[in-house]
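So, here's a batch of structures to check.
Next, two complexes with chain A in common: one pairs it with chain B, the other with chain C.
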Partner chain A sequence: MTRRTITRRDLLKTSAVLGAGFAAPMIFTRGAMAYTNEPKGATVTFGFNVPQTGAYADEGADELRAYQLAVKHINGEGDGGMLATFSSKALKGNGVNGKKVAYVTGDTQTKSDAARASAKRMIEKDGAVMITGGSSSGVAIAVQGLCQEAGVIFMAGLTHSNDTTGKDKRANGFRHFFNTEMSGAALAPVLKNAFGTDRVAYHLTADYTWGWSQEGSIKKYTEQLGWKTAAAVRTPLGAGDFSQYITPVLNSGADVLVLNHYGKDMVNSLTQAVQFGLRDKQVNGKDFAIVVPLYSRLMAQGAGENVKGIFGSTNWHWSLQDEGSKAFVKSFGKEYGFPPSQAAHTCYCQAILYADACQRAGTFMPSEVGKALEGFKFDGLGNGPTEYRAADHQCFKDVLVVKGKEKPTSKFDVLEVVEVTPRSQVEYPAEMLGGELGPFNNGTA
Partner chain B sequence: MIEKHSRRGDLLLLLGFALVVAFAPTIFEPIGGGYPDLLQKFAIYGIFAVGFNILFGLTGYLSFGHAAFLGVGSYTAVWSFKLLTMNVLPALVLATVMGGLFALFIGFIALRRSGIYFSILTLAFAQMSYNLAYSVLTPITNGETGLQLTHGDPRVLDALFGVQHGDGLPSTDLFGMSMSGWSGYYFCGVVLFAMFYVSLRIFRSPFGMMLRAVKSNQNRMNYTGINTRPYTLAAFVISGMYAGLAGGLMAVTDPLAGAERMQWTASGEVVLMTILGGTGTLLGPVLGAGVIKYFENIFSAFNEATLMDVFSFLPETLQHGAVAITGLFVGEGWHLTLGALFMLIVIFLPGGLMEGVNRIKALFRGGLRRGEVRRPATMTG
Partner chain C sequence: MDAFVLQILNGLDKGGAYALIALGLTLVFGTLGVVNFAHGALFMLGAFCAVTLQKLLSLEKVTEDPTQLTAWGTPMEIRTPYIETWLGDLGTTLIDYSVPVSILLAIPVMLVVGVVMERGLIKHFYKRPHAEQILVTFGLAIVLQEVVKSFFGANPIPQPAPEIVAGSADIGLLLGMDPGTVVYPWWRMVYLLFSAVVIGLVFAFLQFTTFGMVVRAGMADRETVGLLGIDIDRRFTIVFGLAAVVAGMAGVMYTPILSPDYHMGMDFLVLSFVVVVVGGMGSLGGAVAAGFLLGILQSFASMNEVKTILPGIDQIIIYLVAVAILLIRPRGLMGRRGVMES
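Moving on, here comes the complex of A and B:
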């Protein structure tokens, strides 16, 4: 058999053709833009990147509803929602900077890779000028890094880890949601009143940036009260069955279980902890207690009966009686038939805040929009007076401490607000969490 | 079953491949795939699958842990960006070498068994790597968050040669050429072409013949006094290096490495790509990789509004019905569509997409043959 091979010369010829092909796509490079995806037509595109599958899918679905509602309100459809109560009156209900808002959506799958691929598609293919969303701090940090590189603004959705605006903060990234440091500071006094200063805590922690962050903050503040920490056990994200982690709690000598879980994980771990009879136990002569530092109405609903009397903190709750919250709940309820979650609220606010900043800046250029957001003080978005701190792009506002309601009046009425911790009590110096913002990136495109 | 291959046929194949790679942005534009990130993924997963095919397609050893090498390649590349330089060449070389070393270690142990036991061993190793990366080795891998560049990384080589990166985060480059966007795609495309060429040479070499012999009857090989282990190990290491290179390229186009890249689902994905495209064929794995990545990125992004547009020609009630039904298969339901497609292909085209291509070719040839006698392929060119 004669074996024919390809000679070097043949390969060179082929490569030459390949090289010729290189020149071709330069035709596709679009006309010069002042910044990445500068909108040239009659619309401007926002990218909504939310988890549609995985442990945080419920939150993701609610976020998407809120974004769609926000787009309607910005474009002047519907009843205008919180635009009417928002202290800044720049948005007139005719789009942003004279352009109607369009949007594209993507599934983060609560995985960094998938989330970045989805965000890249929105930026490179769909021409999104801003990416927002996410329901996991790991994803938020990954996408925030991407947006910084690509030169678009990232408006973080539900992300509670300190790192998002701490050690992993980026100039192009902004967060409206609160963080674990604030949760710890707000929860500690309430826990002290309810359970005293002589307690032993056992942590079950979701094994990723948010879980570690929350475990650290809660430990820090409860140990300041005089509590001890028996153990802190890491559980994989989306574990489903937590029984193997809950059994050892009983023999650890701990009398408080802190669940640093969120979404479906929290629903499962809390339900299983209650089924194991933890709350009926007496340890060290005290009633055994469970604390869920980050609460959401969606989770409380999922866990049903089991949340009664359990303390936690939340960014916002639909039963708040200020004008902004009432307007938002009414508008969301009319559209979808049920009240919004805190995830929906923070995402709605982020979309409105971004649009407002663009309008005030008169452009979509990230550096100008960023400057319009930095140090921006506003009110009427449901959290009382709020400020986007310039030093770390983190919003500062009052924090709600909530408790599972003993006598719910409807299936949505599962949490009651125990205390509104004022902003001054939860504020910390920006340098405390490390990281550096770096300069704004407008991209080169 | 060994087909004859003409030199001209191979050359045409390479030429066609090069043309597709070069003009991919134009070719994929009409179906919504002509943007750099997706084409980079086509190329990178193409390399991954081509390498996997050298092992699975030629020797028949089904590895269920190839994602581990992909992950190792990514982590190595990102560390190279952090510690050495933002230039991509050292990163890719190191990623390939590390992928190879890992494959040598795992292959040395796993190849003591064959068949299902081999698959399970590789799966176990990959899952171990994943769990290590996810939590135990957090200082090296940064756990679930993934390894990212920071402004304060040392980058000793860049410092040595006085390369400045400005105030922002540095981006990967090839001697000043940025590795994101279109230039990033062309770089991946050139690497894919080179790797495809290497794979072609392996397929046509005596070594490739040996690997095929292992697949057809390993016992007989052993009885004739040939020790097959070095051959299978070599194939395993080569495909591990391909995977490491692919992982390195992923970090080149997007400098982040996450543990989920090593999860067993990622290992399963490359098996799907290879089977979907055609096991043991040259082009098949690249095709399969393209189809799967296309579904993952484009189908998953169709939302209700897009569907409403598509069906806007229908009367309103029909439109809502059509959207409700098709909505199940796009957006979150893209896995469903992919599953159905996979079933159809495995049932009707067991040889994958390439079998479909060959059947169509045969149809045309059949038409020709009636008229004239076709010259044997080896005589042409």
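Moving on, here comes the complex of A and C:
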């Protein structure tokens, strides 16, 4: 019996062969994957990252409904919704680039770290080629940064801070929703007509990125009208009882209260301000006024009767009578039994716009899809003629100024559109808000 | 002067809520020795008793009007509350007074919830370390929150105060000031009065009834009371139910001030614990005194004049005061020797 001994030379040879064997498929795979999560099969996966738990869970649920409806329409199911009114006819109702759209979902919890973790999971484990959704600017900015690093496109959901497409903008990130700068520009003329130019405003502001952005924009535009600012007080997020912040307003000499609050904070601060008699008060010989710069129909329902007669702005409203809005409301209402929120609208549009851009580009490669979105002009998605500005990846379109309805006909009918501010009035130079887009990142290359 | 009066009023009504929650919390700790992190959830459940009653009273008969269509093409619905059809004006009045009427629903419901919670779960943790009690009660609070969210959603649900007290009172006139100088919502004053009455009733119950005497004796020396042949466990179970009722009633009456949502209990829980610690663990008087003290301090710290000098002080004042008091009086304002001390 011979005994075979392994020499040092044999070991080296075997290791080299085994190493090359293991490395070969990796090298080929790496070469074959032109960009992160390039779809190879019959489907392409979108990642819907929305708040499914936490304070904005209801808004997140509406976003998810809209995404699911968009996927149906892209894949050729249902009544087609706004695809029928969308000016681009690239999508034919048979998926995108010959692939049916599938999706995975994540829960942002309206927390930046949780949102990044769920987006990361969808990119790395589920193979999502695009991430979209969210109900908070803090979350949007965090996830946008992650998508830039990972090399996937981020189509922002509901995010209103200037920073998302301002100082924190990224090449891979795109926003359809409007921002605080546009809210200020749209609201100012309406406030001037309603309340005049000799007013003193008192701001209560949620103490985080969106609140600061909103306060800055409204101050800028109202002061340009001639209004004075008595005080701008920062309130902790989720304060609950705002009475200690509202009582100083009573004798501050201010005759307008601007509530730079959103969600639960808006519901509570507005309700409490009305309870303190601010809506019925007279100051400086004028009727006291309350302004809520960013309205959400879902949140306005929470404030009940207190929203009556109070001005604000919104990205979209289901009562609009253009063909795109009517088609979307009909499609969404038939599917779910109630009208969509502005969050649902912006998310539906983002899913359609992304799919359309991929179809036009003929690929899902972020740099090519991004170029297809940059400077893209379209109509028929509910906001009139719109442009995805190339310089900052911000959509420019008409902005709605709304008012709490005095005589609502149903629980959904809480806001009425008082002004459609044309795009030309809300447009600003891209460099005004700072930031650099930088280059597109395709990830794995 | 007007700002001073307004912040005192703010502090008192805020302190009323803190005191009511902290009272139940410290009562449970004083009797059962349990650190109940689900106590905030009891406040929230009380608030949702008001929501439930309002929803029941507002149940509507839905008929369709085929002549009018919704924006999505289905016939428009015409909704009429059943109670208005059946009772006419009385029905309308009941809907208007749904918040105070909810107290009648909240008392039995919260008593049952409290007793079931104590018998079904918490009694198994009496002899376990405080850390385990905190974990299990905190977990219970999360379960209760999620259950409520699954039924009622995540958004706040407005609960208007009765029309008669929906406006605000010109208190400045009573104090000889100019009209409109000190204006305060009627409902907040109702809440303050309500807090004072409930606190008074709880103290009277413990002070002037035989049951209360036994409970106080049990709080002082549980073993000796047991040796006298008194079933102190049964009484303590009822005390747990009583604490749940107090938290629940506080939640019901707070709904016109803060539209209830599933998370409202957690928002109050941490502050109420600070109140209990500052007042002295297990001290009823301490909880009430600390509740009002911290409520008033928080209100004054939110004044612009104060925030200009010390930015952000309104968000940390309660914790700063808690640290200062515990440094000077480690057992809290009225804490008893031997509580939470090995």
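The working rule: the second predicted complex is superposed on the first by the 412 of 445 C-alpha atoms of A that agree within 3 Å, B and C clash if a C-alpha of one lies under 4 Å from a C-alpha of the other, contacts with A are read in each partner's own complex, and residues count from 1 in each chain.
What we mean here is this: a contact is a pair of C-beta atoms (placed from the backbone, for glycine too) under 8 Å apart; a residue touches a chain by one contact, two chains touch by 3 or more.
Fair warning: this is a prediction, and the values are worked out from it, not measured in the lab.
A.B. asks: Look at A:231 in the shared chain and tell me whether it touches chain B only, chain C only, both, or neither; answer first, second, both or neither.
C.D. replies: It touches chain C, and chain B stays clear.
A.B. asks: So, A:145: does it touch chain B (first), chain C (second), both, or neither?
C.D. replies: first
A.B. asks: Applying the touch criterion given at the start, work out whether A:168 contacts chain B, chain C, both or neither, answering first, second, both or neither.
C.D. replies: So A:168 only meets chain B here.
A.B. asks: Who does A:124 touch here: chain B (first), chain C (second), both, or neither?
C.D. replies: After superposing on A, A:124 lies in contact with chain B but is clear of chain C.
A.B. asks: For A:334 in the superposed arrangement: first (chain B), second (chain C), both or neither?
C.D. replies: Only chain C is touched by A:334; chain B is not.
A.B. asks: Taking the superposition on A as described, I'd like to know which of chain B and chain C A:153 touches: first, second, both or neither.
C.D. replies: neither
A.B. asks: Does the superposition put A:185 against chain B (first), chain C (second), both, or neither?
C.D. replies: After superposing on A, A:185 lies clear of both chain B and chain C.
A.B. asks: For A:105, is the partner it touches chain B (first), chain C (second), both, or none of the two (neither)?
C.D. replies: It touches chain B, and chain C stays clear.
A.B. asks: Both chain B and chain C contact which residues of chain A?
C.D. replies: On chain A, the residues that contact chain B in one structure and chain C in the other are 236.
A.B. asks: Report the residues of chain C in contact with chain A in the complex, numbered from low to high.
C.D. replies: Residues 2-3, 6-7, 9-11, 13-14, 70-74, 77, 149, 153-158, 160-161, 166-168, 180-185, 187-188, 256-259, 261, 263-264, 267-268, 298-299, 302-304, 307, 314-315.
A.B. asks: Which residues of chain A touch chain C in the complex?
C.D. replies: Residues 54-58, 231, 233, 236, 238, 240-241, 243-245, 247-248, 250-251, 264, 267-268, 271-272, 275-277, 280-282, 298-299, 301-306, 318-319, 326, 329-334, 339, 410.
A.B. asks: In the complex, go through chain B and note every residue touching chain A.
C.D. replies: Residues of chain B touching chain A: 5-7, 10-11, 14-15, 18-19, 21-23, 25-26, 32, 34-38, 41, 134-135, 143-146, 148-149, 151, 167-169, 171, 180-182, 186, 190, 193, 197, 200-201, 204, 254, 256, 258, 260-261, 296-297, 300-301, 303, 331-332, 378.
A.B. asks: Can you name the residues of chain A that touch chain B in the complex?
C.D. replies: Where chain A meets chain B, its residues are 2-6, 10-11, 14-15, 17-18, 20-22, 24-25, 28-29, 52-53, 104-107, 111-113, 116-118, 120-121, 124-125, 137-138, 141-142, 145-146, 148-150, 163, 168, 170, 207-209, 234, 236-237, 436, 438-439, 441.
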